[in-house]
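Two complexes, one shared chain (chain A), two partners (chain B, chain C).
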Partner chain A sequence: MKSLGSIRRNFAPWIDPAASPFLRFEGVTKRFGDFEAVDDLSLSIFESEFFALLGASGCGKSTLLRMLAGFDMPTSGRIILDGEDMSGIPPYRRPVNMMFQSYALFPHMSVAKNIAFGLKQEKMGKGEIADRVEQVLKLVKLEDYAKRKPDQLSGGQRQRVALARSLAKRPKVLLLDEPLGALDKKLREETQFELADLQYELHTTFIMVTHDQEEAMTLADRIAVMDKGRILQVAPPAEIYEAPNSRFVADFVGNVNVFDGTVRAATGDRVTIETTGGFDIVAERDVPVEAGQNVSYVLRPEKLKIAAEPISGPNVMEGEVWDIAYFGPVTSFHIRLDTGAIVKVAMVNATRQSPLQLTWHDRAFVTFDEDAGLVLTQ
Partner chain B sequence: MGEGAQTRTVDRSQGGDAGGRRAWGLGSRGLFRRVVIGVPFLWLAGLFLVPFLIVVKISLSQTAVAMPPYLPTFGDPSTWWSALTQFSLDNYVWISSDDLYFNAYTLSLAIAAASTVLTLLIAYPLAYGMAKAPPAWRTTLVMLVILPFWTSFLIRVYAWIAILKPEGLLNQLLISIGLISEPLVILNTPTAIFIGIVYSYLPFMTLPIYASLERMDHSLTEAAADLGSPPLKSFWTITFPLSLPGVIAGCFLVFIPAAGEFVIPDLLGGSRTLMIGKTVWLEFFTNRDWPVASAVAVVLVAILVVPIVIFQRQQARIG
Partner chain C sequence: MGWRLSKFNVVSMVFGFSFLYLPIVLLVVYSFNASRLVTVWSGFSTVWYRELWNNRGLLDAAWVTLRVGVLSASVATILGTMAAIALARYKRFTGRTLMTGMVYAPLVMPEVITGLSLLLFFVAIDFDRGFWTVTLAHISFTMCFVTVVVQSRLVSFDRSLEDAAMDLGATPTVTFFQITLPLIWPAVAAGWMLAFTLSLDDLVIASFTTGPGATTLPMKIYSQVRLGVTPEINAVCTILIAIVSVGVIITTLINKRRLVRQARNERLAADG
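On to the complex of A and B.
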């Protein structure tokens, strides 16, 4: 397996055995009545890391964040931040700040007063507060809006005020609950980069909760994919995408073709899988498998190649063009195999005139390299 | 504007048949709208403005041994001009020259103000508790607040007499548990008036405060806690300021009717506490001086209009 590291060069404390985590969840469980929101979860997060908790709604990611902020208390287990056990510490005494999904700006206070609110609780001097407010407003580029009330701002500006307010106290950890969820697509893309720059500049530890895999992939150093109160995989974005450890993760993050089958032969660095669709797949053997074992072969659409003419060699599938979707940078094909299964293929539109003349109901041939996909045993 | 445009579009689409019908359709829609808006206006004009103008007119008249007991009256149109010249402000001069009225006004306003504050002190925690209760309970709690309205107001005030009188339920209870040996004198004192007003007007204070607290975003208090503010401080810096519109609405809903309250001071307050509502009643029925009674009522309306205007300004600013 090739190494798939963080986007940030030379920042990977999680592979350094000498590095000690800044924040630890130790066997944390949270039950609401009969419902287990978080199930015996352990996790380590390092200083100045940008960490994303990714999952569908109800997977426990928000509960995890709320327990860290102190709004919910774990049913069992401990949360240790910078060597200090957070058990029993109320939210107003924790060195963390949260940016709320609804922003939760105080509607009766100006932008400056909203930002100063947290600083006033620290008995900070007036001049110092004014300086700090100005500083964070500059950080989010809202210097001219200090006197406005929240209802006089656009959605994007409100988001920045919420961010500024949560950063003003210089928390040890900044918690972001769906930080870009309420913004429209264009603004979300812009803000994503700004947020990443901001985090890089401040070196504050950011923990973000999101259901949007794209958001998690662009922003985070590491992503934890969650389902039913448990963490399925914790890894940098590229590893989550290219080396998911389970069908769930592969399916949740990005688009994927899944072929279920049985290992026919596993010799040396090769494995041959007889799929339920009746064709054989020859793949790299990067996980230990044995003949007869049930496995899944997962394959990202962009790892497949499509052609109008017959192709020779292993790993070739033939079918009918069932659907074509043109997205601009890529074109997505749905190829219906003779077994009825649909294979998704994404073709990058590298040239303005596509050399491939394929249209609905044409015969098409699809192939992939031996290292294009991944053999999964779970 | 938008509605008008829509009307035209609808009419055009229907306009396949006779043009006459189209015109009729538009006219009837206009008429319908005027009727819908007009009915409440006519209601207010007929049942509030006209009676009030009659009261103003009587307040400018002179008392007389006649039927009705004041002059001038407008009978034969030829005497109208001379009748008009008999109008005077004498009754208002009279009111301002006698301490009795001034004292009654100030006492009424003071009692209304004090009972408004007392009602607020009881209603706010009540409304807060209701707003923080599990959502499934809230409708029931609101129903419980409204429930007393299902019984006659008069009967409920009479019930307080039975509770507060020297041999009443309250004194019996306090004596039987040994807290007091002599019955407390509550009935026919200002204390009884406060109890009556606070009890009767509590829902008018509770409901607007509850409404403003209930719609408040819960994440605001979480954000305050997150930013380092302990719960009590968050209440004063976030929750209370944001519930002010409800508090102000509730205060006006209690203060204005309480200032002119007649039944409660009459039944519970005894004869020594002379509030303005009672004064009007005495002038009207005991003295049969309709003009002075009317003048007292008009001045009361004038005094109360000021807070109402402030209230409406405040509401308009929120809207």
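On to the complex of A and C.
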């Protein structure tokens, strides 16, 4: 049996009809004056899920997180957490904690005091607080830094303290606002895996807001792609990437070639599309389409094969090598078709030496399998 | 940095500093004069400081000034901080522009007018003039200075710190006293110092609003000078200058220590 991506997931409550969601947004709208930040949005999130809200800045993802934390109240609609309606509950009485993008560590308190702050508000005993502080510091591997002040820590250490502080109260849901945004690239990659492991260990529900698709793909069980206050698609990372439900999602996540055209024939499990570029595409018919319908065919660059010699068969395009970029693991080609359209091809450098020798302005041939791309009707 | 002072720099500095400080130096020097005549030097002596200690009038005035200063500065700091928070935090409320204007108006209002209007007001409501009227008057004219100082700090205050505190379960009151106030504390303290200094310094408004038994030090000095400058006055002024100088030096040292600590922390953070 074929499945999307190469990861088999054992955790997938969203496909289980018997599972009931832990957190529900029901028709939530938020208006700031005339601006509609969140527009009639409904969403279900399950217990122990690592959920990512992905979108460009201004898409409403942060507003959604702030409404869940209680800093903003929805204009209409309800947020239900673990069976409890959150309407009118102030931030300091909600069983959620947030890790802020700027970390928001209290500069006048030591690391230990920062972490203890939330526990003190609960009127927890002194001994118990000390134990809990020690426990979460151990979790983020900062046992030796309890007495330091935030300005005596490096960026990565501050990020860990912020994480420890937001986990100390054992919230029902942990909210992460661009959790790795302030770290440099190398540190970000390391921290990504640590964060994923931590969530797996704790079984706490994590909701993350990010504009970085790679971060969302690595960390999340499911991703919601947002634009203009609406959710366009909610799905696991592999499905978002391999089976986007719209051109926007396909274009927002990763690189993509889009061919617009009309269905010429749809017979059996095959569909033939006459593209505006003048060539035909034969593809698998995995969505119901009719002859004459306007569709888009989306194709990820790494699903294309490139050759210097002519290739026979369907789905072959010919053009001129316009640009080449060598990234190490992959080499990226931009092929300019005779119609002027640019096709992006990514070749995986699976061996150290490549039989393919191409340079700028060479003629090149590009082909793909019938199941390489996706027919989209919207 | 091997740049040298040019002749022009030296000359302008000498003139500048002389213009600012020569009168003060003269005053300090003559406070140690043995002679009763202010302008004739006849040897070093601390007699006028001992005389001062026996001058009940001046000591009473100093005590009144101190009480008025501490009380009015403290109340003005509380009110001024509250006004600053209202103006910095609530960007839109009815009458905001009016309130901004009214908070800042005393900054540019001539003291004579402030003093006169307060006098008329106290007379109108039949309030016995004395210690309390001077204190109230000082609160009303120093408050705006506190607001200016605190508001400028609040503009650069990271609001997410307050969000984080509330997110961790702190009520708005706890958040204010445990997060906001400790962080804006230097500005609040600076506001208090400014209010205290202004109150200490004020002659015009105090003269208008005072009554029997509440003579402040500047008023006392002014009235004595009208009968002729005595070395005693020089001694009082020297003590005042000493107090202010010590205050300035302490503030500078605290600031310097903070900078050193900050640099050390940055090194520590870089070392991991």
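The working rule: the second predicted complex is superposed on the first by the 370 of 378 C-alpha atoms of A that agree within 3 Å, B and C clash if a C-alpha of one lies under 4 Å from a C-alpha of the other, contacts with A are read in each partner's own complex, and residues count from 1 in each chain.
Going forward, a residue touches a chain if its C-beta (ideal position, glycine included) is under 8 Å from a C-beta of that chain, and two chains touch if they have at least 3 such contacts.
Model, not experiment: these values are computed from the prediction.
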Check chain A with both chain B and chain C modelled on it and let me know: fit or clash. clash
Taking the superposition as given, does A:Phe71 touch the first partner, chain B, the second, chain C, both, or neither? both
Counting only touches as set out at the top, which of chain B and chain C does A:Ser20 meet: first, second, both, neither? neither
So, does A:Pro91 touch the first partner chain B, the second partner chain C, both, or neither? both
Give one of first, second, both or neither to describe whether A:Asn294 is in contact with chain B, with chain C, with both, or with none. neither
Figure out whether A:Thr276 sits in contact with chain B (first) or chain C (second), or with both, or with neither. neither
Looking at A:Gly118, would you say it contacts chain B, chain C, both, or neither? Reply first, second, both or neither. both
Looking at A:Ala104 after the superposition, I want to know if it touches chain B, chain C, both of them or none. Which is it: first, second, both, neither? both
Can you list the residues of chain A that meet both chain B and chain C? 69-71, 90-93, 96-98, 100-102, 104, 106-108, 117-118, 121-122, 165-166, 169
Chain A residues touching chain B - in the complex, by the definition given at the top: 69-71, 90-93, 96-98, 100-102, 104-108, 117-118, 121-122, 165-166, 169
Please output the residues of chain B touching chain A within their complex, sorted ascending. 217, 219-220, 222-230, 233, 237-238, 241-242
Where on chain A does chain C make contact in their complex? 69-71, 90-93, 96-98, 100-102, 104, 106-108, 117-118, 121-122, 148-149, 151-154, 157, 165-166, 169
In the complex of these two chains, what residues of chain C are touching chain A? 158, 160-161, 163-171, 174, 178-179, 182-183, 262, 265-266, 268-270, 272
